[in-house]
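Chain lettering (A, B, C and D) follows the sequence in which the chains are written, and residue indices restart at 1 in each chain.
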Amino acid sequence: MMTISDAGNDLEAARSAFYHRLKDRNMSALWTVLHDLVPRAPRRDQMAASWAYADIRRTLMEAGELITAKEAERRALILENPAWPGESRITPTLYAAIQLVLPGDVAPAHRHTQSALRFVLEGSGAFTAVNGERTFMERGDFVITPNWAWHDHGNDSDVPMIWLDGLDIPLVSFMNVGFSEPGEADRQAVTKPAQDAPARFGSGLLPVDYEASAYSTSPIFNYPYARSRAALEQLRVADVYDACHGIKQKYVHPATGDFAMPTIATFLQLLPRDFDTHPYRSTDSTVFVVVEGRGHSMIGDQRFDWGPMICLCCPPGQR
Amino acid sequence: MMTISDAGNDLEAARSAFYHRLKDRNMSALWTVLHDLVPRAPRRDQMAASWAYADIRRTLMEAGELITAKEAERRALILENPAWPGESRITPTLYAAIQLVLPGDVAPAHRHTQSALRFVLEGSGAFTAVNGERTFMERGDFVITPNWAWHDHGNDSDVPMIWLDGLDIPLVSFMNVGFSEPGEADRQAVTKPAQDAPARFGSGLLPVDYEASAYSTSPIFNYPYARSRAALEQLRVADVYDACHGIKQKYVHPATGDFAMPTIATFLQLLPRDFDTHPYRSTDSTVFVVVEGRGHSMIGDQRFDWGPMICLCCPPGQR
Amino acid sequence: MMTISDAGNDLEAARSAFYHRLKDRNMSALWTVLHDLVPRAPRRDQMAASWAYADIRRTLMEAGELITAKEAERRALILENPAWPGESRITPTLYAAIQLVLPGDVAPAHRHTQSALRFVLEGSGAFTAVNGERTFMERGDFVITPNWAWHDHGNDSDVPMIWLDGLDIPLVSFMNVGFSEPGEADRQAVTKPAQDAPARFGSGLLPVDYEASAYSTSPIFNYPYARSRAALEQLRVADVYDACHGIKQKYVHPATGDFAMPTIATFLQLLPRDFDTHPYRSTDSTVFVVVEGRGHSMIGDQRFDWGPMICLCCPPGQR
Amino acid sequence: MMTISDAGNDLEAARSAFYHRLKDRNMSALWTVLHDLVPRAPRRDQMAASWAYADIRRTLMEAGELITAKEAERRALILENPAWPGESRITPTLYAAIQLVLPGDVAPAHRHTQSALRFVLEGSGAFTAVNGERTFMERGDFVITPNWAWHDHGNDSDVPMIWLDGLDIPLVSFMNVGFSEPGEADRQAVTKPAQDAPARFGSGLLPVDYEASAYSTSPIFNYPYARSRAALEQLRVADVYDACHGIKQKYVHPATGDFAMPTIATFLQLLPRDFDTHPYRSTDSTVFVVVEGRGHSMIGDQRFDWGPMICLCCPPGQR
């Protein structure tokens, strides 16, 4: 059985010398950092914040004057959690940005291990191509470019398109498993008719020999707002709402029922008029984008008023 | 080490006496039945057969004169595999029948451990109610009444409705796990708006807290033909076909990607014009219903010509 | 809207004529058989029965004098449910038999789509070979020969070995998917050292790249009684028992946690001394084999006393 | 269509001003950081390193003189990747430390959302208690304390015990989901007999009503070295080795076949004498602990010689 010297000062000095020696051996003493490593509760550094769409739009249009889509590869402005300026993170694991694709723009083909989603804020008729198929995008559409899938965007319409990009960049960076590759041409070859994926995977049917692997991304890469919105409207009529969430549906992989993307959970939520939700909290942090209507959220003691196309990030906390 | 008497006759007599004694002990000798129990290959007793829709329809209308839907509980004519008359089986595990629901008919509410499907052959606007929700049916719709779910049918339209019923009755009978219960009223209470299930489960979204159990039946209980047909038409355009199956999609459970029903695999298949399939064989037996078009199938040496609404059963064999 | 003639006799005659005509068209009227096809509750024809081991053994030894293992292919006596003589079924889906392998016997290699289990009642040191590996068997061992796996048995010990065979023969017959093939030689080649499977799959570890397919059979093909019994003894000490089952553990597939065999659920159960179980019922029927101890079961109103190696079959009912 | 001013300097100035304004709006320009966020390949900053056991042991014994287990809560020295001093990480996602539990020590009960493993390097008979059950530990044993499970350690033997701690601390910190709670007493109540978990879950059997949830930790919390080592020895005899891995088995959850822990993949690996492995690379980084034997590894151009109880961390690279 060990005994520890009572001579406080000597002990402190001995410990201090010991800690120094540890460094040279690529070691450190757990007990000096234990409560940082294994805290009683998560840190509260993350902040809530919102970005008004009018501001976002004006700033984006300035960007449109300053850089071409092709030069930028992707002309996007990153939304940063105010707690972590310069870290390109809106939550611990997520990156969010607003991308502008002007008429005639080409966002050239590339692929990467990061998974990406788009949520369309404005515009009509620009396209995203994935795996040889183009999908034409409308406001509110939720579009996926799965990890390691070739993708490019173009806008052959005559109006700007603006969308929210969501990626798992911080998570992939943390794991240090980021790989990427530029395409050989700006635009990938189109090998499938438009609407092939929704017909093949999104109509209650699946190819007879189709098998999804675990953790795979949905083969449906556009969940159109018109269809999702109609489904929520139907549930609004059914008139049974969750106290905290109102009507909240998750976007799912048609062959697993799991979330549509392995690293980012996505939802479409409808709060009926005059519906007040109960407060709740969660270890998830969330990025909200308002599509229609007006209202406000309480996050802790902060009030956030919102209207169409506002972006709001919410740390683990109260609402 | 045993030795067996060479005296053939004595041995035969001894064996025969032994077999007799076994019976009294609720035993029998494996070696006398081994090759029946563990055959080299499946029996070939099952037969291919087809039922012309004109005949089916005429016979059904006669039935409509002879018995009310309510008296019959379900006014349906069973299609029997010609190999097994009186056994109410079209394949080893499946029951198939053609049901007639006349305007004003009520097929009263009941439930049972057997799973049932309907495939609509004629009519428009009759309904099936499942779990408090009514779905109105059109030609080609695939409708499910899951095991132990209350269901009733009614026809408030002004035309007869005729559909194919498919059930796992032979399988449930074999397992001896059939239970059933009549409803308290002919029609169950309607507690949900029409189109609730497709909005909740069939639009690429699922309720945020929904979890399917293993071997469960799809919560979507009507896969409308209009939507399924449009999906197959889209795949026809894509112009890549399976040599044996043309375009063959399976109806799936939206939260598992598994077959829509646990005991009956269901598909919708499109053979492009002038497409000749390669022969194939399978241990499954199959019931085909033709919705559109004309053609023929070779099953072994037999030729079956088909046109709209013909029903065809195919044993394990060649096509 | 149809109306049905009130003329009772005429109606009966018309219906009768109609039923006759149906037969020629390979049809029948559902309403004449509905309550057989969809009964209110399962049939009660299946019976409980027991086979005393002394009787089984004496009869088997007679069989040993009357036929060689090789001539019989498998020298086994089928236990038949008294409700269904000549049907080689002990429950609706299961076949059970008692097999004798005498010193020097060879039960030649074959394979079949039926899944088989052995539960050893007497003897020590006979072997079963599966997929190139031999396992040597002791009393109480639970041994599996998966569907379509080559298997042969031999007894190079100097005592007879007797085991219970359990197979899914009735189920496979019902599905009509029975295939079998004799081996090229009586004994398959031994390509792996004994105890390879338990080391590879049964020690809390799995090969780094191993993946089980759905509905697969456990790659562990001998669950030795010594080990299973010790586990149950340990749970007996823990002293928390299920009211209906005492201590009941299921044999599992090491890579799925599912039952060890896809078509037959197997368990090892220990009833502590003086433990009285609550009655229960189930839609399963069960075959019990007693390994140690004495007791009795009530099945409905019938009492069955049991001791070592008795075999008991229990229909869906009370205990 | 936008056009970009040719006036290079003006453009640069305009861009620079724009980037400044972005900061005030919690934004930044993607194209200025794109190649850091989405790199062509992972960073190469992580380093390989080894810690000799003699050094580790001497340093630990010094720690034993400087602090009590109770004061330290856990008396452990963290192994830090030389690339990231002060970050308590040996790989991007993992924490590793060497813990000393002296005779009489009490490492008091607590619980936390981090998952922990122990791999015993020296000693015999100290215990870890998890969920009311104590397991007594020997050299080479792999012991798990699942996330949010109460655990405490004690050493009632008369020799020091030293083990490697592996935790997912960096991952949990990154996600910011760390919670912890101290126990009410130093030692949790013992409510189960020793060896209950291996009997209940680790003997090829599972409780009849047991169901594992997804991402759950194995209920077996000690995988004893004696058993695992014997299994690998058996596979060594079988004499079929993987070119890159020799014999490599993963520790698994008995009810899912998945890795024993949801966030840390663990293996036991045997390289037969004189076996040279092929080089391989992986996006995983790995911590190796040598239990028996001597050899060396090439990691990139660096050679690491190893013998018993050396700890070696390997970045994504060549071996």
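Simple rule for what comes next: a residue touches a chain if its C-beta (ideal position, glycine included) is under 8 Å from a C-beta of that chain, and two chains touch if they have at least 3 such contacts.
This structure is a prediction, so every number in the text was calculated from the model and none was measured.
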item: Label of the chain whose CA centroid is most distant from the centroid of chain D; value: B
item: Inter-chain centre distance, chain A versus chain C - centres from mean C-alpha coordinates, in Å; value: 52
item: Whole-Å separation of chain centres (CA-atom averages), chain B against chain C; value: 29
item: Chain centre separation (chain C, chain D; CA means) in Å; value: 44
item: Graph class of chain-chain contacts, one of line, ring, star, complete, other; value: ring
item: Pairs of chains, among all present, that meet the touch criterion; value: A-B, A-D, B-C, C-D
item: In the complex, chain A residues that touch chain B; value: 192-193, 195-196, 198-200, 202-208, 210, 212, 220, 223, 227-228, 230-235, 237-238, 242, 245, 248-257, 267-268
item: Residue ranges of chain C in contact with chain B within the complex; value: 1-2, 4, 11, 14-15, 18, 21-23, 25-31, 33-34, 37-43, 46, 49, 51, 55, 59, 62-68, 71-82, 85-86, 88, 92-93, 95, 97, 99, 102-104, 112, 114, 169, 171, 173-181, 283, 316
